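Next, two complexes with subunit A in common: one pairs it with subunit B, the other with subunit C.
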Partner chain A sequence: MSVTSRARRSAPPGEPRTIGWLYAAPALLVYGAFLLYPLIRAAQISLYDWDGLTVGTWAGLDNYRQVAQDDGLRSAFGHALVLMVFFAGVPLVLGLALAAVLNRAKVRGLAFFRTVVFLPQVIAMVVVAVAWRRIYAPDGSLNDLLSAVGLGDLGRAWLGDYALALPAVGLIGTWFETGLVTVLMLAGMGRVDRQLYEAARLDGAGPVREFFAITLPAVRGEISVALTLTVIAALKTFDLVYVTTKGGPGNETSVPSYEVYHQAFEVGAVGLACAIGVTLTVVIFAISFVITRLVERGDA
Partner chain B sequence: MKQQATIATASAAVTALVLSACAPGSGGDDETGAVATPQAVQTDPAKMGAVTLTVWDQEVRGGGNAQFTQQIAAFEKKYPNITIKRVSRSFDDLTKTLRLGLSSKDAPDIVQANNTRSQMGQFVKAKQLIPLDPWMKAYGWDKRYPASVRSVVSYSPDAKTFGSGNLYGLPQVGEVVGIYVNKSKLTSLGLQPPKDWAAFESSLATAKAKGQTPLVLGNLDKWPAVHLFGVVQGQYVKPDQIRALGFGNAGASWTTPENTKAASTLVSWVDKGYLNKGFNGQGYDPAWQSFTKGQGLYLIAGTWLQADISKAMGSGVEFMLPPPAQAGGTTYTTGASGQPFAITSKAKNPDAAAAFINFITTPEAMRTIAATENLPVVDTADQKAPNPLGQQVFSAFDKTTTTNGLLPYLDWATPTMSDTIGAALQDMLAQKATPEQTLSRLQKDYAAFTSQG
Partner chain C sequence: MRVGRGEQVANYVVLAVFAVLAVYPIVTVLVSAFGHDAGAPGGLANFREAWDVGHFGTYLRTSVVVSLIVVSVATVLSLLAGYALGTMRFRGATVLFYVFLLGIMMPAEAVVVPLYFDLRSLGLTDTVWAIVLPQIAQSVAFGTFWLRAYFRTTHRSMVEAARLDGASSWTTLWKVLLPPARPAVTTFVVLSFMWTWNEFLIPLVMVTDDSLRTAPLGLAFFQGQYTQGFTLLAAGAVLVALPVVIVYLFLQRHFIAGMLEGSVRE
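Then we have the complex of A and B:
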């Protein structure tokens, strides 16, 4: 019996490791070619001053300095944070409430309601944006509705209003994401053992108490997933802003993803666009990391 | 141990990859693509042998597509040895892909590149387009096209000067910003079509006093106000100043009393309620559509809306140039050529490409363009328009080009100006910024670009 064959027999499955790499290789190659390489290349280009046509010149960290110092770009990141509230915060609260009601009330035709709240997710964001642009127009349905109920004075050109354009864009996101969150929460709540509720009820807990004592802790994992998805959606918002406002009025609704497109394809500052993109990637990484840590803590 | 080794190898590989990758843009092919001007230009396509020309165009809309399809069919019929491979994209999509297309190894032969510094200017600077001057002489394009039209497709070879230098493209159609008038509304207000600027402003006041919206604007997309400003600026600022500002050439300034006068005139229109409510939140298309449905007396917009507006309003609408300061004087207004056709430096047979461009811009081609409801860029007044509004548009454009009254789009000036001026005017019209603040914002952008030398 040779040394090698004994070693092989006693080794755990998957050993030696080199064989494992072989199995993973096809996926790794695809991943490397279409994700890692472009990412590294983008990081590299972000260090150059490049117009996309001629040879770039080395710029060092100038592009990143501009991201940090340029008022317009800084406020774009600020707007993304505001959108996070509308895309992630509000839908989470609404979704939890809706799911709790739907789950508890044993609504007839639950599947139907679940489909209805999920429906926005099925529509392409561009279509959503075009529709809402009509709703928000000065002669659009929202203003018609307001005058119909005698609140015509509140009517305005929503997307052209300096104070309200960003919240108006954000509300579209709320409408879009609430369904996703609700369905996720419903799935989570469906897993909860019925006996827990019965026990709580025997102990005299009301619906609110039940929700906070049993339901909320039980869907911790789903909350984490929902927050990660919606926060990333908020940070990478592009189509919505591109179609509804082009970043206007003024620059009140510009967001980082829109700036990436604008700098790269319209202005021809590809280096700066890459720097914004890399910064955005880092921000998304950091926020997702924090969410997973905070929400899933103690879940294990 | 083993895992550490793997990580070390992986990170070494990544580092090597980053270090070995050279500066962006230096991707292999030599950058000395500054094509030497061919000595002798060949002008008989029949003798060029079998050639395939790839053309990237944005003639996707009704009239544009109809005329271009007809032109290609006629060209291929006349010269069976030349095949046209057409790639059509919408204007927006072409803008996004052209940059990559031109720098790729398999670049198209002919492209429609926007005149702006952010497009044609950068392509000229990167030596990706070839100057058309030898063919201009051979085919007599300098006689076919008036100076004001040739200027908007001319750059110096280093692209530092825009508006003069070499010819880099030829347009088929023209554009001019003017005023669409709702005729029945004008009559019901007891007004005559204004012949001078003072009469125009007083007609705005009359319309407002009688409870009508004088001017319709939809500025949600940011750029429409630039055209409105261009018209007012044409009244108060000297044309050569506006040309320097619009072409992004050094030697002019935004912060002058004349520009301030223009900007504050526009703001006073907002103050007096001459514009529809909520114009900053109104889309461009819904705005002109509401004009065709009877909202507003005037619509300041370009000739590109002519076919649609004519269809919707028939004889109820008229097109006129912005009235000059004194009746009968020269009108200066924003306008230009449509997207010019240019030849790339990677074109395999520039002579054949030039022959095709020549073919689609002949007087005969202009007749096809007019017949398909487009605005032919040359010999415009001689063409027969398909409807009365079209005829007014034709004579208006002809008048501006022959009197040299055409002014460049203000957002052509610098690669960033489109965004700067769009946002700045939105702020100004919403009265978030004064005319002075707005102009100094424009000046900052303009000066930063021109000082690069």
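Then we have the complex of A and C:
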């Protein structure tokens, strides 16, 4: 193939350096206008006392002080911590155990199983919430099950129970995150060299030693990804809470993402809502950073 | 690896138990959707009833329009930006990459409040644009990240050969790099479709007009208004979930690969 002089002139090796910006500009424009700029605006509004209608008044850091001191808002952040156990902690333990069991033996139908346990991830949260409301209802299948095994006395309206509503919402999180974690761990474990296991067995290692000595260190990276995804999901449970409990009974299942909506559009405390949103964003960035750093340091 | 017969059996039991737990709530809804109660004729007629009486026909139409716009615009913009960041070197490229990365983690809860008030003052709330534009921005952040990673793995020699043949950077992208990028683009399209179809907070805040409600939003409101039994609600829930589930069952490799490799977005 000959290179003509004309081609060389019109398309020199190495584009002009500005052309990259031209290609990125449309994306940057939309992204800047509808995500970056609103985030800056949120930070700005969070410094005002504003009801969304009249002129706002400068409040300085008052809204942030309220996020830290108001009992209701503090308990919302506390509920998010509890949900992290259900959304991230329990699925991680279950997913690791499940994947380790599956990884030891050649199991038929693994592809089918993977498809099934991952299915909850793709279903709209509203549909998930509607399904679980039905299961938790006074005449729902959870109470039916309890009656069937002779524990009918324990039956109740689960989502209306002051002590149990939050764990009930949390269990929904366990349900839809366990599949994600399992599939992630299976992918990580699939990459471990089989010879390592053979060698460990020759040395007389049992399944438990095998797990802690070989499998667990090998999936460090996957654990980091799984924790980041599930912890952030726990912090962003807006639609689940909105459809199942609306934060109730009382304030028992309120979470920061729900408080953003509630304060801005139901109470009319727009400045406070923005302060909660900004705090939530900072928490999410910090947690992602810490999880990544912790896991990377553990690698050394 | 060989394991004992007892362990093999135990494995299947564990698999079966978890599979049943995973599908039980979904099957509950599916079975109820065909049931019979006050206001629900039973069988397939329930879906017609939900479609007409529950306005799910309208909600699904809005969701189709919103998803089509978001996915197509976000795909084109992400391809352009991912191509630039993945194959070209220019001043500020690294900073630009980190700026897009920020958007992957940014929660909608943080931006939805100022977005509502700013779009309202522009007269854009209660239009399809108020639902579409913020979601294009979210998808573009992930799409740029995802396609940049893909383009970085393509061989530089392909780009250089195209250049030497006199192809402009524009032709290089569409004629040379895009055809082999189809799997990566498909993965982005299915993820972006799923996120857009399932999004709840943005449509909830941005529209009050019943005819502009997306399918998940319509379902939530239907649940609040319709209290005579579960059957029609279940039929509506099936209609809301079905499009993504069908895509998932056909393209589950793309879903799982995308969620596992690229997504820190959730």
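By definition in this document, the second predicted complex is superposed on the first by the 267 of 300 C-alpha atoms of A that agree within 3 Å, B and C clash if a C-alpha of one lies under 4 Å from a C-alpha of the other, contacts with A are read in each partner's own complex, and residues count from 1 in each chain.
Operating definition for what follows: a residue touches a chain if its C-beta (ideal position, glycine included) is under 8 Å from a C-beta of that chain, and two chains touch if they have at least 3 such contacts.
Bear in mind that the values here come from a model prediction, so they are computed numbers and not experimental data.
Chemist: Under the stated touch criterion, which partner chain does A:Q121 make contact with: subunit B (first), subunit C (second), both, or neither?
Modeler: second
Chemist: For A:I45, is the partner it touches subunit B (first), subunit C (second), both, or none of the two (neither)?
Modeler: both
Chemist: Pick one for A:P138: touches subunit B only (first), subunit C only (second), both, or neither.
Modeler: A:P138 contacts subunit B only, not subunit C.
Chemist: Go through the superposed model and pick first if A:A27 touches only subunit B, second if only subunit C, both, or neither.
Modeler: Second partner only.
Chemist: Check the residue A:L202 against both partner chains and state whether it touches subunit B (first), subunit C (second), both, or neither.
Modeler: Neither: A:L202 stays clear of subunit B and subunit C.
Chemist: In the overlay, answer first, second, both or neither for which of subunit B and subunit C A:A163 touches.
Modeler: Neither: A:A163 stays clear of subunit B and subunit C.
Chemist: In the overlaid three-chain picture, which partner chain does A:I19 touch, first (subunit B) or second (subunit C), both, or neither?
Modeler: The answer is second: A:I19 touches subunit C but not subunit B.
Chemist: In this superposition, which partner touches a larger number of subunit A residues, subunit B or subunit C?
Modeler: More residues of subunit A are touched by C.
Chemist: Would you sort A:S257 into first (subunit B), second (subunit C), both or neither based on which partner it touches?
Modeler: A:S257 sits against subunit C, while subunit B stays out of touch.
Chemist: Between subunit B and subunit C, which residues of subunit A are contacted by each of them?
Modeler: In subunit A, residues 17, 41, 45, 52, 133-134, 265, 270 are touched by subunit B and also by subunit C.
Chemist: Which part of subunit A faces subunit B closely enough to touch in the complex?
Modeler: 17, 37, 40-41, 43-45, 48, 50-58, 133-134, 136-139, 156-162, 165, 245-251, 262, 265-271
Chemist: Name, in rising order, each residue of subunit A that touches subunit C in their complex.
Modeler: Residues of subunit A touching subunit C: 1, 3-4, 6-7, 10-11, 13, 15, 17-24, 26-28, 30-31, 33-36, 38-39, 41-42, 45, 52, 98, 101-102, 104-107, 109, 113-128, 130-135, 141, 175, 178-180, 182-184, 187, 194, 197-198, 225, 228-229, 232-233, 235-236, 238-239, 242-243, 256-257, 260-261, 264-265, 270, 273-274, 277-278, 280-281, 284-285, 288.
Chemist: In the complex of these two chains, what residues of subunit C are touching subunit A?
Modeler: Residue positions touching the partner: 1, 3, 7-8, 10-12, 14-15, 18-19, 21-23, 25-26, 28-29, 32, 73, 77-78, 80-81, 83-85, 88-93, 96, 99-100, 102-103, 105-118, 133-134, 136-138, 140-141, 143-144, 160, 163-169, 194, 197-198, 200-201, 204-205, 215-217, 219-220, 223, 230, 233-234, 237, 240-241, 244-245, 248-249, 252, 255-256, 259-260, 263-264, 266.
Chemist: Can you check the complex and tell me which residues of subunit B touch subunit A?
Modeler: So the residues of subunit B in touch with subunit A come to 2-3, 6, 14, 17-18, 21, 23-26, 31, 95-96, 99-100, 102-103, 118, 122-123, 125-126, 128, 219-222, 276-283, 286, 290, 415-416, 418-419, 422-423, 426-427, 430, 432.
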